[in-house]
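In what follows, structures are represented as structure tokens.
You will see chain A twice below: alongside chain B first, and alongside chain C after that.
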Partner chain A sequence: MSILTALARAEAVESGRAQPLTTVRHTHIAEKPLVLVPLALAGEAAAPLAAMVGTGRDAGRLLVVANPRDRTQRFQFVAQLARVVLAYVDGCSRTVDTGQTSKLRYAEAPQVLVPNRGGIEFIRLLGRSTRFRRPYGPHPVHRTVPLLGQWLTFLRERSDHPGSGMLLALTEVLGEHWATGQSGLEDANLAALLGWIDPPAGLDGAAAAEIAEDPLRWPPAGPSTDPTFDNEVLAPALAAYARAADEQAKSRAEAALSAAVAEQVEPTWGLMWRAVDLLRARRAGASVEARWAVDRDVFTMYHMSLAEGTALPQPRRDSAVAAAGRLDRLEREQARYEAQRALDDPLIMAEFRLSGEAFTGTVVSASPNRVDTSGKKAALRPHITVQTDDPVRLEPGALLVSPTRLAQQAMVVSVSSVDVVLELSKGMGRSTKQPAPGSVPEVGEVVTYGPVSDAYQPPGRFPAREETPWTHGGPPPDYQPTDSDAAEDWS
Partner chain B sequence: MTIIDDILADFGSAAGRGVVVDSPPGAGKSTLVVRAARTMAEAGERLMVVAQTNEQVDDLIDRLATAAPGLEIGRLSASTYVPAQRVIKHGSVTVSGAVSDVQTSAVVIGTAAKWATVTEGTWERAIVDEAYQMRSDMLLRVAGRFTRGLFVGDPGQLDPFSVVAVERWAGLSWDPMQSAVAVLLRHNPDLPVHRLPVSWRLPPSAASVVSAAFYPFTPFEAGTRPEDRRLEFSVRAIGGDPLVDATLETARRTGWALHELPARHTVRTDREAVAAIATIVVNLLRRGPIAYSEHAPDGRPVTADRVAVGAAHRDQVAAIRQALADTVASDVTVDTANRLQGREYDVTVILHPLSGRRDASAFHLEAGRLCVLASRHRHACVVVARAGIAELLDTHPSAEPVHLNVPVRFPDGWEANQAMLAHLSTMAA
Partner chain C sequence: MDALVDRLDRIRGTVAPRNHNARTIAALTNNPGCGRRGLMDAAGVNKGAVAGQLGFPAAFGQSRFAIARGNAFEAQVKADGAAELLQLLRERLGLAIPEVAYDDLSNVGGNASREVRYARTRSLLARAAAEREDAGTLFDHPMLRLDIAGYYAYLEPDLIAFRAGGRFHVVEIKSFAVIDGQADPGKAAAAAKQSAVYVLAMRELLGELGYPPESVSHNVVLVCPENFANRPIATLVDVRKQLTVLQRQLSRLTRLDKILDALPAGLSFDLAYDADQNATRHPDELRKAVSAIDARYNPDCLGSCEMAFFCRDESAGSTSALGRSIRDDLGGVESVSTVLGLARGTLPPGAGQEEIAGLLRLAHRLRTECLQEAGAA
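Take a look at the complex of A and B:
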């Protein structure tokens, strides 16, 4: 935990309300997100019990499995879920982004919101247990089941990418924007977290969070259910369904089960939409749209490749080359995301200033017409000296950028205990002698410089899959789809 | 030197694809690398050498060019690299960014990051230095360039890390977050693994402690006898803080000292601990320490460049540097554990990673971090810490998630910390 976060948490305790950690919202919230609250049956990994899903507060649909241990019923439930999710995903591909001319990009992309990390993990497991199923062969399923598995897997993989907004756990998004007076573990409870951020009238955050811990008033947000509910409500309801002798008794038992489950899910459903409202109320950061455009690009590509039948297989495990390539991509995206957040938001920049990687100060001298003639071509390279009280911990040669002059690059020339000398390049117009007016900071101007965001980092070069070296086990065998793909080691 | 001969025989033989050499701190790893490179090159083999940082590459080149002045050495470098003085002073070294310029050199040396960009040419043999600091995805990128490899490194040092926290690959034999050697050995379990059994750096007082705490199943010994190493002060203490004098005296006598401050939870840059470190370092230099060792039986003054201060975080390092500026100790090296890896000093003063903390996170418990900090010295090491670390450890047993198929790593950070602390507590001033 950084010093500023620790301070914000202490202030949250003192004031009885969560404190903002950011001045803007760093996550895209779609106009029509798909909220999904899954519930699982205790005792088996990813055995779905129910899910409430929909794109509007009043458009939630509750799907329930009457006997979660019955594989046929389980995949019927998955097919129902698939109908909702696939309709939503296809809906996002209807309109094309007209601002993009060089390549096709859909105007929308799916955004699935789940309550917590457990929800994301549930999506991973559900995707894994469905994407290898086939509509033919020994255990046929509806043709939408493997397709849903592919989409869930796609969404789950996107959620690893820093800055992606296609699959989000709302407790995590809220936790990045607000500091509460409770522990990180307690923040994973959506009801308690919202209690701190937006307590009901007359209560402070701590009191609201305490009320939220009562599983009768605020049932757990899933996928695990409250053990008392399991024992006293769910088990008898499931038993009644299993005992039901005729069709009429069956549908009665099913209705009773649905009603019981609805009581567990509906409070969370309301919380999810409250969280969405709270996030929407905050202005989006400047680079949020650019990151969402990346998401839309990735979605466009995957949607088209699925339609053409050229989508890459989603193996259960990455090969050596795939794993290394993915890590390389994630690391570059992480660096970019952190820099973009800092440039969008003075409160995040303050963290960098505290750690000495950024600084704010006043320009005390400037030579805007300085020309560097050491290279082949003379180039305009103004120097500015910035006086600062920040604890600067930068080395000469470090590249920086200012949030107000994103197109301009600044290189640290020297650092002393009171000032920093910077050499500027780019973003000063065409002339090699005279910078464009206002492009070079003037004496007296207060400027901030922080880590570069958009410096192009080339992707790492990796061997081809069939050239995997001996140190990593040599080339892996080629994948041949078979009927037993869906089987797990333990099943 | 029979063990080095064994290693060279294994590496030089036509059978097998590689050799792994585990080397505890100061066991002559660099000597081995230089000797292996020289032997191979003189036998007419074209050799590639992979190190992890530019600093390591330059050190290696300097040592190799000094040992074998006639050897043609190519140094692969990025375009931003400014050749160090100790590299260009050797006429036999060619520095270039393009592999075609150094194609004919008997030995080509570069960082792993640079080698990863090379797309042509293969070498029969490669030496990979500091292979435990290298991430396995980096090995994947360079392994295509050579047929047989000698992997040298210290398993007790800090593991490579990543800024992203993804558990996706946990348990895979080619997990890209693992060290190069870990992945190499999982795929090639029959590779011979040699161990250098003697530390020439650590004094007997340190070798036994470090070996027991951090190398519980692969013990090593000091190469020197207790009477070979001695630290003396040429100036008597006058009117300073008696506790600091007692700490220095304990360190002089026993090779270890624990300078304990009153228990307190502090921010990372604990002001009192920083001030205590500065006082200790300044007093140490004022006392005119003289080190007697097998290299200098008649004594050699311990000057500022032979002293180092180590800490876990960069902001701690900055705070200590600030405290030492404008004192006699302004030239003392102050750095994080990551950057102190592979370096050697006469006396070190370290800030315990758990000092003043409320919790013991995986980062602060990592055995490698404490191991690096506690194994840089030839004579004495002073540990500065807040009281209460033992209680902190007791309330924070390791709670890291356990994944299937992930080999258990020894030593466990929690256990190593306890062992170290148990020894230090007998050395409290």
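Take a look at the complex of A and C:
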């Protein structure tokens, strides 16, 4: 959050409509995303009640557990969900990216969309409670159950990576692109958020959001259900199923339960696809494709390692060294993601300009043929002076890049209150005396310089697993999944 | 004191006061500056009913599945004289607890009035504290009280207190799961906050009897289901930090007498129930009464206060309705129209607003510039 987004929220209050926070879309939206709207039974750790899942607006499948506290039925539900999810994941591995020559990369990767943070947490818990199960032994489950658990755990892990698009909570994606006239807390309600972004005719955002808060008109987007629905509809429906004496009565009760649950899920299902449409309508930023390629690489590797049986185990908790390494990677990815977004989008760049890490201005003088002879070899190092009104807070020596000249590096030589002198290198052609035409900004040109996105950031150095210091518990024992994991209660 | 009680009784009207619980007190510390909430809670006003009469019914239902699960888990842990709990305390936490008696304080000889129950809790705990050896008694449902802004709030905790190693410990039973040693951070934080309220209340009680604060341990025993099963697991939670926050916030609570002095004498939130238990108080009149006290709305209230929807409506157009962090980003400027006026340069900055006005103008210029460019492209 910054003053820029805060101002956008203020503007949204006044205009009664959400205001854009970006000029392009920074998240990849797959051609065929898998939308998943899960519902859980209140009070339980991870007791699925129902899920609507599918890759098209009209292709939603509703899965319902008639007795959410029954272990067998619960695993039947998981197996059904596994069939849908695994078919989708395998479908993404059918075609290979032909533009890629050095290593194999699938042309697609799974993209699972859930309504909110709670949906991601639900996926984590469902993954955790299924990935240790075994299709053999004292408590056998269908063979797809642990496989689903592994995929869900994989997706959940990817969702922590900045810029990854494999598992997304749509409220968060929308919230990165639009500022509403309500608080961030209220933005967690998908219906209210969409009410601000795309209010129905004749209503402003505030009115639409207020309607969206009524659980009777817009049931919660899960995984928690509306308590009134629980008490007045769901409880009798579950009780009717439990009471049913014969098969006929059972299937009648099941149909009634499904219908009641469908009424709760379907509005959210529609909202999910509306959100997808709204996001698709925006032009994708230049680096979106590159980030999706990273996702596809990771997916390709994991898919192949599962097929070969070499996939790394997914322990209950990371060891100290693994956790530190992971955090280090996430931090570097975060910095890169932010810089990439800034280069793609002037409105994100404006955040950096406000904080003085970037600036826009007019070139007032340029010496394009300046040659630096201090080194062993003479090198072309043009200087340009940029006049700017932005509050620049950069130190000499800082490396910058311009969104219009990504191959060129600029180093800050000096900063005064009105201008910045930059030394340019790279991206000027082969000659050591004459830069290629147009490669050096000319006097009068308006230029923007901001943080470098693909600068090499050395990874943090951590001890080997065997050398975990005693402060962090010493070397952890090797993780071996055991049968007792598979037999874990799920009640 | 009696004058204050009378006044609060008048404000509440003809209905019986509502009990505070640890949740409401913990929530009070979320927003200690809110006079409206402080007064209504101190007077024991049924805020949900008032909000409903004002046309802003609070959506604070609880699913019967959640309630049933919570009750079932608690009953399981407490069954057979809390056998399962004792085993946990002895084995998992290594507490040396002697032979145990189990004392349920929820009902005192059929008389369940708050004062009687409090007196009974007090005398039993006093006896236990006076013994040199640990008495070995689990006290279930003790009645505690806490001084909230100059007024006693009675607490009816769902907890067990016991003494081990010369100190009292508080046991809180919650039905959210601890999975692989980790619980939902929000729920765990709320539980720690609530437990801190109990620890504080017990310390006050024992303090009145002349015992030092350390006679109640700052380590609270949190009992939750483990992983996806129903087996309980006990964790020691250090609530020192929550205690400090709580004490600080309680001492900062706007003193009630100060709020009351500023209010019209006949102020009342009485809903004027008729014989059929229908509220007959006119909403407009009630709204006037409620609006006489300043509230301090922020979006966090939506999760903790029954009046929140009313206050949110009232504070439309203010920056605090957008959230504390937004308000801070906007330099604490109160109204959205002022923010926009400063940003567009149509409003001259007031004293102390020069810096934020400069930033807002720059932010406005950047936004306009970028959006125009994007629109043209």
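FYI, the second predicted complex is superposed on the first by the 485 of 491 C-alpha atoms of A that agree within 3 Å, B and C clash if a C-alpha of one lies under 4 Å from a C-alpha of the other, contacts with A are read in each partner's own complex, and residues count from 1 in each chain.
Everything below uses one rule, namely that contacts are C-beta pairs under 8 Å (C-beta built on N, C-alpha and C of every residue); 3 or more make two chains touch, one makes a residue touch a chain.
Please read these numbers as outputs of a predicted model, since none were measured by experiment.
A.B. asks: Determine, under the contact definition given at the top, whether A:I3 touches first (chain B), second (chain C), both, or neither.
C.D. replies: both
A.B. asks: So, A:P391: does it touch chain B (first), chain C (second), both, or neither?
C.D. replies: In the superposition, A:P391 contacts both chain B and chain C.
A.B. asks: Thinking of the overlay built on chain A, is A:A242 touched by chain B (first), by chain C (second), by both, or by neither?
C.D. replies: It touches nothing on chain B or chain C.
A.B. asks: Please indicate which partner A:E331 is in contact with in the superposed arrangement: first for chain B, second for chain C, both, or neither.
C.D. replies: first
A.B. asks: More residues of chain A are touched by which chain, chain B or chain C?
C.D. replies: It is C that touches the greater number of chain A residues.
A.B. asks: Figure out whether A:P162 sits in contact with chain B (first) or chain C (second), or with both, or with neither.
C.D. replies: first
A.B. asks: With the two complexes superposed on chain A, say which partner A:R317 touches: chain B (first), chain C (second), both, or neither.
C.D. replies: After superposing on A, A:R317 lies in contact with both chain B and chain C.
A.B. asks: One more residue to check, A:A59. First (chain B), second (chain C), both or neither?
C.D. replies: Touch partners of A:A59: none, neither chain B nor chain C.
A.B. asks: Report for A:W470: first if it touches chain B alone, second if chain C alone, otherwise both or neither.
C.D. replies: The answer is first: A:W470 touches chain B but not chain C.
A.B. asks: Thinking of the overlay built on chain A, is A:V446 touched by chain B (first), by chain C (second), by both, or by neither?
C.D. replies: Neither partner.
A.B. asks: Where on chain A do the contacts from chain B and from chain C line up?
C.D. replies: Common interface on chain A, chain B vs chain C: 3, 317, 391.
A.B. asks: Quick one: in the complex, what on chain A touches chain C?
C.D. replies: For this pair, the touching residues of chain A are 1-11, 13-14, 20, 23-24, 41-46, 125, 128-129, 181-186, 206, 213, 215, 225-228, 230-231, 234-235, 316-317, 346-347, 349-350, 353-354, 391, 488-491.
A.B. asks: Name, in rising order, each residue of chain C that touches chain A in their complex.
C.D. replies: 59, 61-70, 175-177, 179-181, 225, 227-231, 299-300, 302-303, 316-317, 319, 321-323, 325-326, 329-330, 336-337, 339-340, 343, 359-360, 362-364, 366-367, 369-371, 373-374
A.B. asks: Report the residues of chain B in contact with chain A in the complex, numbered from low to high.
C.D. replies: Interface residues on chain B, with respect to chain A: 17-18, 116-117, 119, 136-137, 139-141, 143-144, 149, 162-164, 166, 168-169, 172-177, 180, 183-184, 187-188, 267, 314-315, 318.
A.B. asks: Which chain A residues qualify as touching chain B in the complex?
C.D. replies: Touch list, chain A to chain B: 3, 160, 162, 317-321, 323-324, 326-328, 330-331, 334-335, 355-356, 391, 393, 460-463, 467-474.
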